[in-house]
Amino acid sequence: MGYRDIIERIYSELKDYKGVGEVAGYIPALSAANPDSYGITVATLEGDLISIGDTSDKFTIQSISKVFTFTMVVRLLGEKIWDHVGREPSGNAFNSLIQLELEKGIPRNPFINAGALVVTDKLIDLYENPLESILKEVNDLNCHKSNIEFDNAVALSEIEHSYRNLALVNFIKSYGNIKNDPHKIIETYSYQCSISMNAKELASSFLFLANGGVLPECGKKICEPRSAKRINALMLTCGLYNESGDFAYRVGLPGKSGVGGGVVAVIPGRLAIAVYSPELNANGNSVRGIETLERFTTYLGESVF
Amino acid sequence: MGYRDIIERIYSELKDYKGVGEVAGYIPALSAANPDSYGITVATLEGDLISIGDTSDKFTIQSISKVFTFTMVVRLLGEKIWDHVGREPSGNAFNSLIQLELEKGIPRNPFINAGALVVTDKLIDLYENPLESILKEVNDLNCHKSNIEFDNAVALSEIEHSYRNLALVNFIKSYGNIKNDPHKIIETYSYQCSISMNAKELASSFLFLANGGVLPECGKKICEPRSAKRINALMLTCGLYNESGDFAYRVGLPGKSGVGGGVVAVIPGRLAIAVYSPELNANGNSVRGIETLERFTTYLGESVF
Amino acid sequence: MGYRDIIERIYSELKDYKGVGEVAGYIPALSAANPDSYGITVATLEGDLISIGDTSDKFTIQSISKVFTFTMVVRLLGEKIWDHVGREPSGNAFNSLIQLELEKGIPRNPFINAGALVVTDKLIDLYENPLESILKEVNDLNCHKSNIEFDNAVALSEIEHSYRNLALVNFIKSYGNIKNDPHKIIETYSYQCSISMNAKELASSFLFLANGGVLPECGKKICEPRSAKRINALMLTCGLYNESGDFAYRVGLPGKSGVGGGVVAVIPGRLAIAVYSPELNANGNSVRGIETLERFTTYLGESVF
Amino acid sequence: MGYRDIIERIYSELKDYKGVGEVAGYIPALSAANPDSYGITVATLEGDLISIGDTSDKFTIQSISKVFTFTMVVRLLGEKIWDHVGREPSGNAFNSLIQLELEKGIPRNPFINAGALVVTDKLIDLYENPLESILKEVNDLNCHKSNIEFDNAVALSEIEHSYRNLALVNFIKSYGNIKNDPHKIIETYSYQCSISMNAKELASSFLFLANGGVLPECGKKICEPRSAKRINALMLTCGLYNESGDFAYRVGLPGKSGVGGGVVAVIPGRLAIAVYSPELNANGNSVRGIETLERFTTYLGESVF
């Protein structure tokens, strides 16, 4: 069965799989999403872009942005990033302060909020105009085929409801592991989360991780082959918060999700696949998105294992 | 570079890499191990067994046994095992009670001690003579080419020093998630940990996980292809205690370690590799074993990512 | 208003205060208690014993026994006990393992289960026949006016359902802070908890803490004046598990409760008061017992503050 | 022995008890304190003020201010304060976020930082000019015999180094248990902590708690008798952070300490006693201050127990 057949089959099986979760409601701008939206895009290393459903619907990528900023920081900082953040699964809810206290302000990994905020702190150190640089990065990843922008309304709404992230930043700063002004970090972080993509763009922007760090379409090198592998490893162990083990078990691919309803996964050497479906489970991950990916690897008979 | 070249290179690079950790000292029988022992075996799906160093030295497999008992239980119980144990990384030291309390007696995954004890409880339910069945299982996995036995001295010593595991069992039992007598569970668990293998036997016994559940040599089916993949996923996210994320990052393979000094990893579709070197790091994992595996995937240019 | 007037007033106010909690149900022998039983006894230093209600009903004193065994151990061991147990409020439920793990096997105080088990371990070291000695102690405290015994049925039932306490003992033993056999400790501890008293006996047996360590009736010295004060301090900060702060706030007296439905408090220099009412709140403390004591100090216009 | 004899004896015993702790160093303004300063004042209900040593040295009262702001808030809000803060000992270091997370943003008690910040939030709601009102309160408590002021340098320095408190406020606010702007709360809180007193003023300002809520000198009613008793109870169980149980055990009085080096205690019905000595132990409490109070109750033969 080809990729198109598989995603058509899944789409038809799951198009009525609704009412199974809750659209993110912690900020007003997110709760406006259409809970029924459902789109799947497979982007292959050969350049095919195979889509079904609402793959032109834009959504904010939220935590998926953590992969992009981490990539940007590692490109300039290399292994030194590990002085500031760990690479172990967190074993707790995504905004937990408990482990942060026990571990003296060193977040467990770059894909929980605490870790991403430390990465953003470094980003501000390393890039003169961090917001511009982030936008440039995601447009680079898409070979500038479309224009990817921030969603200002979402960003501003997040900034206004950022007490928990402000708590994290201030707490980490009290341990000396954050350098910049807390409000500057929250602003940058909220904007990076508000990057607005559709499923096609999201799948395309992860192709470098399926291709040893190089964009297959335009040949641009995003990171070292070694880094691409390692980012995949991090996604597999830490990419879905407290559900990472379950995702590895069911889907068997490196992946990353966001509370905006997007989830993306990579088969190294072959493809990236993005799903958009905004109903979330209790862990903040797209219910239908994960189900889609599980069926995808099952029907394809392929995972990294 | 072929497998032999690679392991010869690594062996020569690391044969003097000593004094970098501590042999397990929590029971007398373990502390007697020769800290300098070092052996590597690669077992391929084609039936090759490529070894260097002390690959005839026997050692107790300790926590590596958790993979075998889990496989035995899943074979009979299927997905019902997940009512009793989770599949998320634990994010804490391997004998932590904290998460167990917060999560009401359901261990995070089957590869931490708490989870393995729950699996052993099921094993006792499912197999009339659990100890005989375990021995039979590991000899099956080796196609009965050699005779694998328990190390009685180690088992008895473990039973005598099992206060922490007894605490875990009693604690879980207070939540109703363990059925059998605590001392029976400790006995069974201590014996399974005392299974004595050398690196050749260990590598061979993991080949089924590289081969979709079937032993390549004798064709025996150990588990479903789906189960093999999922056990690999569990090993990748949870196989090295609090160092699982680091192992995924550095080595990029599903693997499992034991405080006896063994560590084993799998490249699905290709091979299993076992290393024996008893000096452990603070997480209870073989220092030289992990270093060996990191170099192996680096020199080979292959990981699951 | 005299003591009799006060307890008559409270008794009449609260005699229909029922259905407000649950009789302890974790062992069958305890759940047989009559939920309506209600008795109050005030024992004064002058030798008066003023009672109302069901003050001849026997009940097992459970955790109240921790005060007696602690007194017995401190008598022989003095300040050395503090090498094995702390004296800080626990800030957690009464059987929590979390703090025990963070604090390496040293329980927070002698009045949580973990701490009492450590005290019982010392008791076994210090007294040749610990169970006989405990019985002798409580009968001494009552000047041998009645015959206080263990409730064998309750003790045996507790031993059978002691998984959580066994977990605590084994866990502490894994840190080296318990010397004796876990089952011996559980047996001794379960018997001490099963001491059966009525409210009159309970009030009388705490008079030494209101009288600088000396029994007012027969003049026997139970402990040093300094110890009596310090045991009162411990009861005030740690005597009611996770409700100690609330009890200090509402009642303002050193006190101790047991899941058998008894609660006892002391006004230094004046009296001891015991209440029996077996309906418990979520913290395992007698609902009507605490309410009775709050009204007692309010109507009397006296507390330690 | 009279009060003067006792404090003279203690002063002579402890005047060379130096080098036993560390002056608070987390903000520059505090680390400037003279580590050798040592003063004791006893203030009696009869109006005597008995002092020895450096009792005219001013120091910032820091956490001792929590008693004053709590009193001010309870005066207007009464028992409703308990919707926002608990009254149980915290069992953890004074700035711990762990319990706060487990208990959903309700701090354990008003005398840990988290709880005091919630009280300050209420203070801002209840008093139009909270800073003026706090100053008026402490001058009222001293019957306006001297002029008590903020130490602006300390307040500004605290505001600058308030990342951990900002983390607490933002975290609590994320649970909806704080209403006002985080920076406004930090400012108010930092100023209240910077109130500058000497030992004489500090002892005098706690006399209302020894006298049922009324200032003995000028007859002004500060709070209800019931409130005074209850604040004493809170101080006894929660007044010295993670050392409250030890303080109750050794000293046996309700008390409160601050990292500025002050510590104050109350004997209900008799007196208040303040000690200033800025060397702190690991819990942030004055080493010599606590030792002084222990000897005071020992030599006096009086405590609440």
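Each chain carries a letter (A, B, C and D) given by its place in the written order, and its residues are counted from 1.
Everything that follows uses one rule, which is that a residue touches a chain if its C-beta (ideal position, glycine included) is under 8 Å from a C-beta of that chain, and two chains touch if they have at least 3 such contacts.
The model shown is predicted, which means the values in this text are computed figures rather than measured ones.
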Discussion item. With a step meaning a move to a chain it touches, how many steps does the shortest path from subunit B to subunit D take?
Written reply: 2
Worksheet item: Moving only between chains that touch, what is the shortest number of steps from subunit A to subunit C?
Response: 2
Worksheet item: Per the centroid of Cα atoms for each chain, what is the distance between subunit C and subunit D, given in Å?
Response: 32
Discussion item. Just the number, please: Cα centre separation of subunit A and subunit D in whole Å.
Written reply: 47
Worksheet item: Using the touch rule from the top of the page, what residues of subunit C touch 2 or more other chains?
Response: none
Worksheet entry | Pairwise chain contacts, counting only pairs that touch as defined | A-B, A-D, B-C, C-D
Practice prompt. Spell out the residues on subunit B that touch subunit A in their complex, using ranges where they run on.
Written response: 86-92, 99, 108-109, 228-230, 232-234, 236-238, 242-246, 248-249, 252, 254, 268, 303-305
Fill in: Partner subunit C, residues of subunit B touching it in the complex
96-98, 100-102, 163-164, 166-171, 173-174, 182
